[in-house]
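Common to both upcoming complexes is chain A, partnered first by chain B, then by chain C.
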Partner chain A sequence: MAISSEQVAPVETPAAVQAVDTTKGANRWQYWLFAIPALVFQFFWGWYPMVIAFFLSLTNAPIRGAVTFQGLNNYSRLLADPLVSMSFKITFIYGIGSMLLTFGIPILIAIFLLEIPAKLMRVMMLLWFVPLSGIASTLFWRYLYNEQFGIFQWIATAVLGMEPQAFLSSESWVIFWLIFPGILMFGPGLYYMTGLQGIPKSYYEAAEIEGAGFWRKIWTISLPRLRPIISMTLVFSIIGSLQEFTFPDLMTRGGPNGASRTVVMYMFTLLNEGRYGDSTSLAVLLFIVIMVLVLLYRAFFKDDPDV
Partner chain B sequence: MSLFPLVGRKQPRMRVAWSLMNILLWLGIILHLIPFFIMISTSLKPAAEAMAMPPTLWPKNPTLVGWSLIWNISDIAKSLLSQPLSRYFLNSTLMTLGTIILSIPVTSLAAYATSKLIKGRATKPLFIFFIGTLMLPGIVTLIPSFLLTRNFPFPLPVPPNIPGTDIAFPTLRIWNTIWAVILPAGFSASNFLLFKGFFDGIPDSIINAARVDGGSEFNIFRRIIVPMSLPVYAVTTYFTFGGVWDSYLWPLVVIQDSAIAPLTLAIRRISDAFSGAGTTSTMTALGASSAIAPLVEQGLSWNGLMVLGLLQALPVFIFFIFAREYLLKGVRIQGLK
Partner chain C sequence: MTNPAFRLNRRDFLRMMALSGGAAALASCGVKSPTGVPGTPNTPGANASVNVTLKTSGWPIDIAFTDAAPGTFNAGYNKALQAWLDLNPGVTLERIEFNPWDAAGLRTAVAGGTAPFCFPIGVLGGWNVPGIQASNAEGLFADISEAVAKNGVLDKLAPQVAASTSRWKSQDGTYFGIPYEIVSSEGFFYNREHLAEIGMEDIPLTWTWQDMREMALKLTKGDRKGLAMAAYALDWILPSYGIDFDGLLTRYPIPGRSFNWKWDFTTFADDIVEGVDLWRGMLFEDQSVYTDPNFWDFSQNGQLAAAFYEDRAAMTPGIHLFFSDMAGKMNKTILEADKYMSFARQPLGPKGYTYQLPFAVSAWGFNPDLKPVELDKAVSLFTYMLLGDGFVTTTNEIYSANKDASEVIRAIRWPYANKFSENIPGIEGSLNDAAGPYYAKRLQTIFNQPKQPEPGEYTPAEVNRGPGDTPWYDKLTRWAYSQDPFDVKTDAAELENIFNQQAKTFPSGVDENAFAEGIQRYYAEVTTYLQANAPEFYDQRFKPFYDLRIKPNFG
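Moving on, here comes the complex of A and B:
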């Protein structure tokens, strides 16, 4: 028996169960074996590059030759670059727009879906969350937005009787057309549904006796109970939407004239030009901006529904 | 089943509210299925019909010409893609499976240790160490990680010299191999959170009972915990699959050789060819570059790109169908404090 070396305290619960103390004992080192591979990976590909980024952003990091310390030179060069401020502006519009458009709907849908009888709900849930991969959807949207024969052009000209629209080639509208497809993305819906399932039915029954109606129950029970999850997905979507690259890159490559070039896309451009120091500094700038937003959010909104 | 009152469901007002909610849900579902329908319908159209104005709902004479042209795209337009499309599929599959095989065990073992084994003062710092990166914008690691793949363990473009000599430190280069995609994904903080949330819900008494029966810690994990936790394994595998299969920026940075490039990069190339300046009138309408001229002549237009999208989406879709029963059961997450 593995537990024979332990001193067993005589208590009323089965002694052997008590004997295993997971914080002490001869095999405690074994526990760390479970974590070591992950510790190594998380160190080398998680924390190490993250910390190094801040040092690297203070150097020139040239493709050849010695790395020299540059102080804040990279930053002053970036701040003087009009493309940087432009890309930040575009990133903000994209981030705020896609969060406004996409954040609330999945919460409401999750709340509604759980009202449906279980069997039908499973089918409907499946259909709601059926995934179209991100890359495939860019091809789909580019087809829809095509200026000559896209469905949107057909709707604009033949159905609505408007002038032919430029869609993705319009400098002033391209960001809107990039935000719009977000309406079909329902990533975190699954999290909300599991969160909702954890709410005791008795809360709703009690509210009903008190005379609470449909919206009242959503507002005073469902949403507050979902608050930790809403708060978490909100933070993730702030972080995620401001780091967007794939969708605008595949849709427009940042065009026309950089009107849809996000910060990360500009980082990628700098990387391709071999300006590793500048690219890292730009990443650090974005890092700081996102963290300030996240911390501001955390300071004003509390997670805990019981407070 | 909580928002609508248990009694009085038959009242007219309740009936109207109930129907409105149902209509809204079904409308949303239809909206979600439209892309699939349009993609399938367009993929079966001949080139001209795919670019017809007004667009047709369903092809008059469905044809598979788009499917066969895209599948053989490297034979017809060699300058566009140097490898057959199946090769990119294979590369994506290898990357995805490699990442799953590495990261799911690594991450779940660590989550189990944090949740059930290591208790005491170390637990909290360990937890922060594992999930901390999730709360920070990961983009900042892009350049250092890219440099790490070139000169591991030095995140520098050129490795430093061994002090006192002119010889550079020996470094490990995984850049431009599929390991550059797999190894950095060896631990996933978001999956860690899902695993830990699930393991936290397993009573300690089960583990203690198994210890009494003399199981080694690893056997307890393998024989008792893993079989109990299949839903969370399904969810995390699904997320990993979707993530790596769709990964774009990272392969773009670390994979240069087209023989090992994933499908996403092939799609980038192909869809680029459709946005250059064209030479014939059809090609101008397509916005196509000359690299795909032979394909356009043989009848490829957006029908082929829709095929490409469908082919790329298919594995994620199949995986979703396969894992659907587990998806709701596998997520037990109560937010971060």
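Moving on, here comes the complex of A and C:
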């Protein structure tokens, strides 16, 4: 029997729900009251600097004195600079390598952690996710990589009997050695753990009844359910890895031979040389590249777990 | 008096480190009061109409120290400062939290009008003459010509400092800075006892990098290396061949282009190969060097100096300003340190050339936003405290504790830009003796070497500074440490291409005729200097370079 709209009893909207309807009448000011701090913050720390950066990138951007319009001169100078293309290439390699090594592995580790006994899992989580000082960790890693007295060199030569290794002095391997610590220091693993713990056990139990094995459960339940978190961390990872600065700067200062100099590091170099216009233009270029990548990602990756 | 440290990854970083090294030490002398120190408005002779607040970020002009035990630097400083404030009622010093050694931060502060009343000129100018002159042309320093004249600054400076104006006076004759310190050329501290072990009494001024290699090898014994060296070793070695980012033989001026300079790293590529081989021979064959690609800090507080203190290295890089700090680090008196170690300037290149100046003047500029009355008081205060009566008051207080002039040397790095390097009124004896007779003699010998001309002293200030030195340092790090296969000559050609490709895109802001005239004078002076001081280098390197690159356009 079909149910007409007339037959459905009107549902009273609870007063509490009405109160949060911020789009009507007197409630609108409350909406703005809550939104204004965020808008003000976003305006001064986000949109305004961005607009100014676009503007400055078209000028000579002097420290003092008259600002003169330069058209696209800054951009053409950057495009003719071999170090710019080099730094973009390094940044992409760093970003891709970083995502391969530090994005996928934590997902697997998180899944494996949930498979081990609860007590051991807590210990492992503590070890893995213990909050460390980024700078202290970096300095520690620098010591580990030291070619003359670092522990890795000792392991390579004294324990494994290998020839002395170049580590950060190798142009071919420096990016790998910079990414490597991220496997141990990368934080999103905690997000995955949280996401995995939020998946109802009944899903797995039902799958087991249907005869699903370990990998099948991961593929059909865990990963799809983690999709929103994976999506979020992937976007952060793309943005973060393309803006990498602190770690390589502290570890190698871009060397050897510029083999670990990222775009942001070169931007900082230009800034220190007083080339504000060029530095700002490079920042805008990087912004555009990241924006395009994120838009492409959003266009092709669906984060709804039920899709 | 020493100043705070800051990071830079270039050769100039070292000079910065040198200048900055001891502010931490100085800061530890006492806690500053959190509020300003006003002058006494009712002092006789006071100018009641003056109402000036000078914002300072600390050293070298700070507010009064709260911890000032009699006979210490702090007590002397307080006494001197109060005397000036008494003479200048209405002036208030306000302490602001700011690091003037951070170039980006200082530029931002100057642009935004929040900079302290004075700050180190070199930080904005990259510690080189063209950069400093360009910064002045950009308006980053106040014109203090009137105040300099009014306060008799020039009369208060040591003669050689007053004559060395390229870092604090513009080519049109205006003054934009006041010298505070003399900074030696970069060189090496060496252990005198170890030197004696290999049969050497002294390191001669004419030593070469090849001599250095042989010495380092002989000095390497057991766990001790002959030399501790920073990551930019080749940035010291190659310039002595005339090869550098702005080297005498690798950068040349050209007319009729948008940018005035061009680079050539291929003509003398064999010299680059020789210099690189020398360093890598020391590092990999002789194993006589304690170094690492991450060792950038050669200050008295860095790992290299620590290796020297702990006798893990017989020589360590530095500049003379470290001497008293190093003595303190080793728990030695100045005179004990004089017997233990000494200082040598950098070795010469194989043809007898050095790119090093005998000394450079470290000057401080003033906030361009200061009003005339503020500027007048600022210059007066700076001059009084560092060059004039305030300096005498401060040092006398230190001396009064135990009548030992070497305590003054320990508290305030010697020698000084003012006229008190040999004697200070009220202090008995010669400061040369108090600083360590052996060390003092060696230092004076270095300082008295002839000074070679610098292009920035002759050519107009170029606001569009052109390509930076990043590609140069890229190659240096590869040549110095890389264990991947590489070819120096191929790299040199690539380096040349990168610089010239970058240079094409830069405009020039200087008058072409003025530039040409300056260049002609510069190379004429260089010719005279090299003929007198490095004749072999002149004949075999500079003259061919001049005939090839300079004479056709500017001869």
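Throughout what follows, the second predicted complex is superposed on the first by the 264 of 307 C-alpha atoms of A that agree within 3 Å, B and C clash if a C-alpha of one lies under 4 Å from a C-alpha of the other, contacts with A are read in each partner's own complex, and residues count from 1 in each chain.
Rule of thumb we're sticking to: a residue touches a chain if its C-beta (ideal position, glycine included) is under 8 Å from a C-beta of that chain, and two chains touch if they have at least 3 such contacts.
All figures in this text were calculated on a predicted structure; none of them were measured in a lab.
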| Combined model on chain A where chain B meets chain C, clash or fit | clash
| query | For A:269, is the partner it touches chain B (first), chain C (second), both, or none of the two (neither)? | reply | second
| field | Partner, of chain C and chain B, that touches more residues belonging to chain A | value | B
| request: Tell me which partner A:30 touches in the superposition: chain B (first), chain C (second), both or neither. | output: first
| query | Regarding the shared-chain residue A:219, is it in contact with chain B (first), chain C (second), both, or neither? | reply | neither
| For A:191, is the partner it touches chain B (first), chain C (second), both, or none of the two (neither)? | first
| task | Could you say whether A:132 touches chain B, chain C, both of them, or neither, answering first, second, both or neither? | result | first
| said: For A:81, using the defined touch cut-off, is the partner it touches chain B, chain C, both, or neither? Pick first, second, both or neither. | reply: second
| request: Scan A:39 for contacts with chain B and chain C and give back first, second, both or neither. | output: first
| In the superposed arrangement, which partner chain does A:297 touch: chain B (first), chain C (second), both, or neither? | neither
| Looking at the overlay, does A:63 come into contact with chain B only (first), chain C only (second), both, or neither? | both
| Given the superposition on chain A, at which of 207-215, 279-287, 297-305 or 513-521 does chain C overlap chain B? | 297-305
| Both chain B and chain C contact which residues of chain A? | 62-65, 142, 146, 148, 253, 271
| remark: Interface with chain A, chain B side, in the complex: residues 1-6, 17, 21-22, 24-26, 28-29, 31-33, 35-36, 38-39, 42, 50-55, 106-107, 109-110, 112-114, 116-120, 126, 129-130, 132-133, 135-148, 152-153, 155-158, 183-187, 189, 192, 204-205, 208-209, 211-212, 214-218, 221, 242, 245-246, 248-249, 252-253, 263-264, 267-268, 271-272, 275, 285, 302, 305-306, 308-310, 312-313, 316-317, 320, 324, 327-328, 331-337
| task | Could you please specify the touching residues of chain C with respect to chain A in the complex? | result | 9, 103-104, 107, 110-111, 126, 135, 138-140, 290, 292-294, 296, 368, 465, 468, 470-471, 473-475, 477-478, 481-484, 497-498, 501-502, 504-506
| Mind pulling up the chain A residues that touch chain B in the complex? | 1-3, 14, 16-17, 20, 22-23, 27, 30-32, 34-35, 37-39, 41-42, 44-50, 52-53, 56, 61-67, 109, 111-117, 124-140, 142-144, 146, 148-149, 151, 153-154, 158, 183-184, 186, 190-191, 193-195, 197-199, 201, 204-205, 208, 214, 217-218, 221-222, 227-229, 231-232, 235, 239, 242-243, 245-246, 249-250, 253, 264, 267-268, 271, 276, 279-280, 283-284, 286-287, 290-291, 294, 303-304
| message | Show me the residue ranges of chain A that touch chain C in the complex, using the header's touch definition. | response | 62-65, 73, 76-77, 80-83, 142, 146-148, 166, 168-172, 251-258, 261, 266, 269-275
